[in-house]
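The same chain A turns up in both complexes below, where it pairs with chain B and then with chain C.
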Partner chain A sequence: MFFKKLFSTKGNLIPKDQNLIPETREKMSTEFKQRLQNSADISENEIGASGITLFSIGTLIDKTMLHRDIIDPLKGLSFDSTQKIMEHLSIGEIEKSNQMEKAVQAALDGNVIIFLDGNSSVLLAKIPSRVGRSVSYAQNESQVIGPQMAFTESLLTNMTLIRSYIKDTSLCIENLQVGSRTNKLVSIVYINGIVSEQMVGSLRKRIQEIKMDGILDSSVLEQLLAENSLTIFPQMALTERPDRVSDWLLKGKVAIFVDGSSLAIVCPQSFMEFFQSMEDSNVNWQIATFWRLLRFTALFLSVFFTALYVASLTFHYEVIPQTLLFTLSESRAKVPFPPIIEALLLEFIMELLREAGARLPTKVGQTMGIVGGIVIGTAAVEAGFTSNILIIIISLGALGSFVTPSYTMGNVIRIVRFPLIILAGFWGFYGMMFGFCFLLLHLLRQTSLGSPYLSPFYPPRFADWKDSIIRLPLSITNKRPDLTRAEDEYKFDPIKAKKHN
Partner chain B sequence: MRTKGWIWSCSFSFLLLCGCAQPKVLEEVGLVTTYGYDISKNGSILGTMVELTIDPASPKDVVILESEALSVRGIRNNANNKTSKRLASGQLRVIIYGEEILKQGRTGIAETLTSDPSISDMTYLAMADGTARDLLKLKTEHIPDIGNHLYKLIDQNTKGRVMPSATLQEVLHNLFSIGKEPILPILKKDGKGEVGFTGVALFKESKLVGKINSDQSFYLNLIIDKYKGGNKDVEIKSSKLKPRNQQLNKTVASLDAVNGSSKIKLINREKVEFDLDVKVDGRLLEVTSMIDLGNQENIKLVEKEITKSIKREIEKLIAYCQSKESDAMGFGEIYRSSVRHSNLTDKRWYKMFKEAKVNVNVDFSVKRTGLNE
Partner chain C sequence: MKVQYQAKPQYILSTFILFFIIHSIQVGIGIQGFQRIIFSEAKNDSWISVVLAGVFTHIVVFFIIKTLQLYGPTDIYGIHIEVYGKWIGKAVNCIYIFYCLGMFVVILNNYIEVIQTWVFPTVPTWLFSISILLLVVYGVTGGIRVIAGAGFFSIILSVWILSFIGYPLRFVDFHHLLPVMESNITSILKGSYKMTITLIGFEILYIVYPFMEDRKKVIKYAHLGVAATNILYLILMLLTLSYFSPGQLENTNWPTLSLFKIVKLPFIERTEYVAVSYWLLIILPNLLLYMWAAVRGIKRSFERKTKGVIWFFTIFLFFVSIFINTRSKINQFNDFFDNIAFYIAFCYPFILYILALIKKKMTSLKEN
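Let's look at the complex of A and B:
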């Protein structure tokens, strides 16, 4: 069976000599239909007696444009060459071709094939239908201060947004096609002169090397581009904010857009940058520093707090402060499970709540709050199911994971704590230390587009610490991070900047 | 091949780690917060323990356990026979010794306790005036948990510089170092069912040799440590100041925010002689005498008198310590660090300390007066 299929697909391949545009209308029609598997949405319009026939895939083109810009001007006229037709039409994107393969591909891209009987070349006029939404608010990465726009699923719109932020002649947009069946347009965007050529080169190579039938979203592409597919940590950033992407482009990073995806991939990315938000640069540096420290503390709380509870209750009762001893043991006295089961159970419930909240339609979503807050929160303690201190710890941990600006990183933080709880439950602080060391070593080994993941802390680049876990004033942070290996190292001349102030 | 090695070493280290941790789940452990050691009638060690048994159903959270054993560590094991939870000393806060057991000096102070890693180095040690058993069996309405009460009492007073600090770490350090002897605060239960700090116990090695009262312990604190932020009433004996209180015929200056520092210097190696410079300053809150403190000369006078009074007290204290051969101030350490190749031993130092001469210089100054709290 398998071999049969293999051979049959091979048999379908069209010989090379048939790649030219046939001369007669009938032949062209059969050829076009055959190549598109006689699809029902193929449309063929003959315009009067002029000998012009329009071939297109009806669902991909804009019908009003077709009538207004192509059929109407050509009606009642006769032409002897395609060149004449081209001169007569006023359509932005129009080109000539004599390759059948190219013509069919163009039809899939929203082109109308203008075929003149007896001519060996055709015109390809691009009038794609615009299906999609308009630019809307950034829902997943919302912020108070700063622009509110988000990318849409249209690559054109996204490019417009980026261009409108960076009006620079050296902004480069490279287009590639990915997916042997989906043929998605992928754009690599960078600023020439800032970006490291080597990084763009390796990224381009990686995208070209992808042999996959279909890539539907940039998040899939990100998984394919990442160096280490075994790690749980995201190695490239996914963002829906055009201002964010522009900021990163200016730092010397490369952005990748996929047609039909509202998320841009940005790389190289360090671990610390997942805890930075665009809003940090929109507020005063003191406030931004406070926020960043807050998020970093939240990270540690989120990952280690529950494990700490389990470890200290199972093994290290010495470390519990005396004032906490009474409340802790009183609420624990009613709980029938050992701490590890108790903690895992509650974490599991918490994850269930979160997952349910994410999957439910928004109208039903409000029920989740009631279920989570009252039923699980209060009732579980009163029923002696868990201790109330653990409830506080778990909710702290959950909150901690939600403050992470990057959704992908937030997911990782939530998952990483489960093995740590288990380690803490079996080996106490030793286990936690083991898990922590393992995580640290793992992070040390990761790279993002060849750049160290824990930069600027390892390898230490003290100049970059100014804009990592803290943020110093803009006049001080004038250097682009070493992470991007930018060709132009400085954003501005610090001496001049000081003079202006 | 390398990955395989990794997996092996990972799983192997996990297996090794299994032996490290022995679960002690909080609610299955009986937490001993206070130990009391006495000598029983037949000569064995009598231990009294305050155990926290946190059970929401029971009205009392504290159980007092008693057991006898021949060794310090045996007491806990014997007491285990009487409890529903395994006793553990990881939450130990205070260890109280009866006076008798320290007088005999037989058990050592706390040497055996250091080998237990779960016992914190910050555990407070204290001596009971009388037996530790009586102190721990104190039953008063306002003290529901004697262990916690004692801990807070010692903690508060140590931080407020009323008591000399005697944590397990400090006591053991002083015990093992040559030229300095440990001290313990003395707690006493009075007739009304209250516990209070009454003095400081002086040791020669681990044997109790003398006691000083709480008044003198202030001066001891002044010499041992950098003193900061305490308060003190200093008695002034002077003909120039007429006491307000005719009945007692004593003039007292009340000082606040007392800061002090001391410096010991060896000035003669052969005939051991030390210079002890004590610098004290504080706010003068009150003088029980009819003088005008607004007058600068009067302040000078009071300063001079207080200086004299402090000097007298310190000299008295040092003389007492010398008579008991207990170098609680640590003159020996200064000697040992100033004299090269001194080969000082505890025994030699006891003799030398007895004959040592200490010149006390006190410098007291009033920072300001008339401050009301």
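Let's look at the complex of A and C:
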């Protein structure tokens, strides 16, 4: 009597009676199928005469595990409660529930529902099937020196990789769900004690506030998390390298992983950091500094060189020294277009080549090299379509944009060129300066997770300049960047480090 | 409105940024051609005028900071209300806002004139005016941090120009400077007076003061900023005096730009084309800061939303700038604001300091 009373009060507390697990097998079966729209892949196994039935979505579970770890141990036995069944099974993740909603959600997550006839609670045993690839080489961010592993599409594997790099008790992984239909698991990873609590808090809030039905990849999530969706510049980094993420975590940044995506989002990120590569810290500081300066020069070359050509030839040919002017006018003598059309045309062809190369299967890819190099390069000049010098300039610019270690930033650099060429074609040097000033103000206005985008240059943090456009020895760069507002400012004690090195 | 103004933490600037703010707002349009104007008064002793004017600027800056220190975190708009009372204070604030906008137009129009004379003689004024104004709107809506950043980068990215000093240095004749003190004191002082439009800008201290992180260090960085400007002007003046002959200098409108003419690099000639275009980056912080100062004036005195005010000012300034389009009009306008600037930037701080001091004494007497 007492138990019945308790049950009835429970029933009153939860108004929806159907939210509870039905007690008979038939009811359970219809309820389960109805909730999953009678999908064809629902499987229902009855184990002998024990009264146990297994409900699952057949495509989501591991069949061998099902037979070896669940059906075999339970075969031929009979049980009177679910607790007894639990004691008989040797599965890592197993839990008890009496909620229908939860059971169905668990089935979608790769669980088998173990139902005992006449019992109001079920067991949920997790045996998901593992579809995916194993850890492979980092192909998009390849480097010569350093680890070669890349993240995979499995969140579990990615977490394993991070954990194996940072064996620290304060490494913290927080799980959230995004997407009202895809229900993807999103992990926020950070090192407690280093990271700024406020940043993690605001990031968590932003992820929770996302109202979208489906988020399939971290690159989509990145766009939703960014503060300013009007800017072309990426505000968070996407990377496939576990060592890169670990390095940034140690600097006090936050990483976000999405289940099913092989790219991690890392923020806050400054403009300068898009031009740094993980390899910089794996080589001598002198070489790293040279590389960084090279990349920075390439950035300016890539953005302004074509525009400079257009501006000088359209308005200011006086600035070109006489000897150079001779060569220029000779090579341009046959060209029928004004410089701006010539430059835009060639840049357009260059972009076409790049896009075609990126979309083509690798086997056909070689053809693109021939088309680009011989047909367009040589033939265009011989036909008097463009000048030789412009081809050199454009290829220099393209090379410069490919030097950028970050693919997303490389795209931006290539696109920013076009408005600058147009401005240069209309207003010459003034137009270029106008574009430059606009870019400067634009970059000054951007923030990444509340941190200034142009850090450490503005606001000037001279201590952080040691690891920005240049890289000084590791024993000097012992401070975490101001960008992350880290709670523990120092990586190590500089005096102690000096004694040992 | 409150006299004191506590800036929100996200708008607070490191104090040493003040160096860049002061230096970048002082150096702008005047530097292109101040030498001829001073030379017409003080002849070969012009450099003494530059030094005198510089010293005087330091004194004025000292008094500006003294005035501000009487009140704690406040700006000139708050001080006006405190000193003159509500209504007269607001009227005086309006004059100050008008002065900021006037300086804006002076800088804008002089730059447009330079660019039209040197690079694009046929491009109409309105096109330059509207493009620069849009840039200014974009910057000012970003707030003081963006504006200070523009000042910072404008200096950092312009340092390379200084390396060009080496080129004229090969042709200088320092005998042009002799005999020293040939001109009489009056003409030297007149020369100093003519430095006004080249030196002003430091009065922005009155407005950025509450945004400084450590107000005790303001005095150091403000004086450093002014000192950097003075040294730059002195070097340029000495270089110009010893490079040009007196007759040549009298006929050169923009001696600094003319100095660029002789710079020859293996890949670039006629560097002044590059320099004149590059000057957009140098005048940008001036325009941003004056516009911001004016907008803050409205915000502080009348508590209006800034966005509407910025657009209103922009449209107003656009029409003013296309109205002042000929050399004679620009000259008239310059002379008019030269006078106003002398009184407002150089003389008024002393008066304001005395008034503020009296007011302070009176209130403390009343309380006792």
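Following the convention adopted for this analysis, the second predicted complex is superposed on the first by the 486 of 501 C-alpha atoms of A that agree within 3 Å, B and C clash if a C-alpha of one lies under 4 Å from a C-alpha of the other, contacts with A are read in each partner's own complex, and residues count from 1 in each chain.
We adopt the following convention: contacts are C-beta pairs under 8 Å (C-beta built on N, C-alpha and C of every residue); 3 or more make two chains touch, one makes a residue touch a chain.
Owing to the predicted nature of the structure, the values given are computational and were not obtained by experimental measurement.
With the two structures aligned on chain A, chain B clashes with chain C. In the superposed model, A:242 lies in contact with neither chain B nor chain C. When both complexes are overlaid on chain A, the residue A:110 reaches neither chain B nor chain C.
When the two complexes are overlaid on their common chain A, residue A:441 makes contact with chain C while staying clear of chain B. In the superposition on chain A, contact is made by A:329 with chain B only, not with chain C.
Once the two complexes are overlaid on the shared chain, A:338 sits against chain B while remaining clear of chain C.
Touch criterion met: A:314 reaches chain B, while chain C stays clear of it.
Of the two partner chains placed by the overlay, neither chain B nor chain C lies in contact with A:252. When the shared chain is aligned, chain B and chain C each come close enough to touch A:428. When the two complexes are superposed via chain A, 329-337 is the only one of 203-211, 329-337 or 347-355 in chain B with C-alpha atoms clashing against chain C.
Counting contacts as defined above, chain A residues 315-316, 318, 320, 322, 427-428, 430, 434 meet chain B in one complex and chain C in the other. For chain B in complex with chain A, the touching residues are 13-14, 17-18, 20-27, 29, 31, 33, 52, 54-56, 61, 88, 90-91, 93, 118, 120, 148, 151. Against chain C, the residues of chain A that register as touching in their complex are 315-316, 318-322, 324, 427-430, 432-434, 436-438, 440-442, 444-445, 452, 454, 457-460. For chain A in complex with chain B, the residues that touch the partner chain are 313-318, 320, 322, 325-326, 328-330, 332-334, 338-339, 426-428, 430-431, 434.
Those residues of chain C that touch chain A in the shared complex are 13-14, 16-17, 115, 119-120, 123, 128, 131, 135, 138-139, 142, 145-146, 149-150, 152-153, 156, 264, 266-271, 273-274, 276-278, 280-281, 284.
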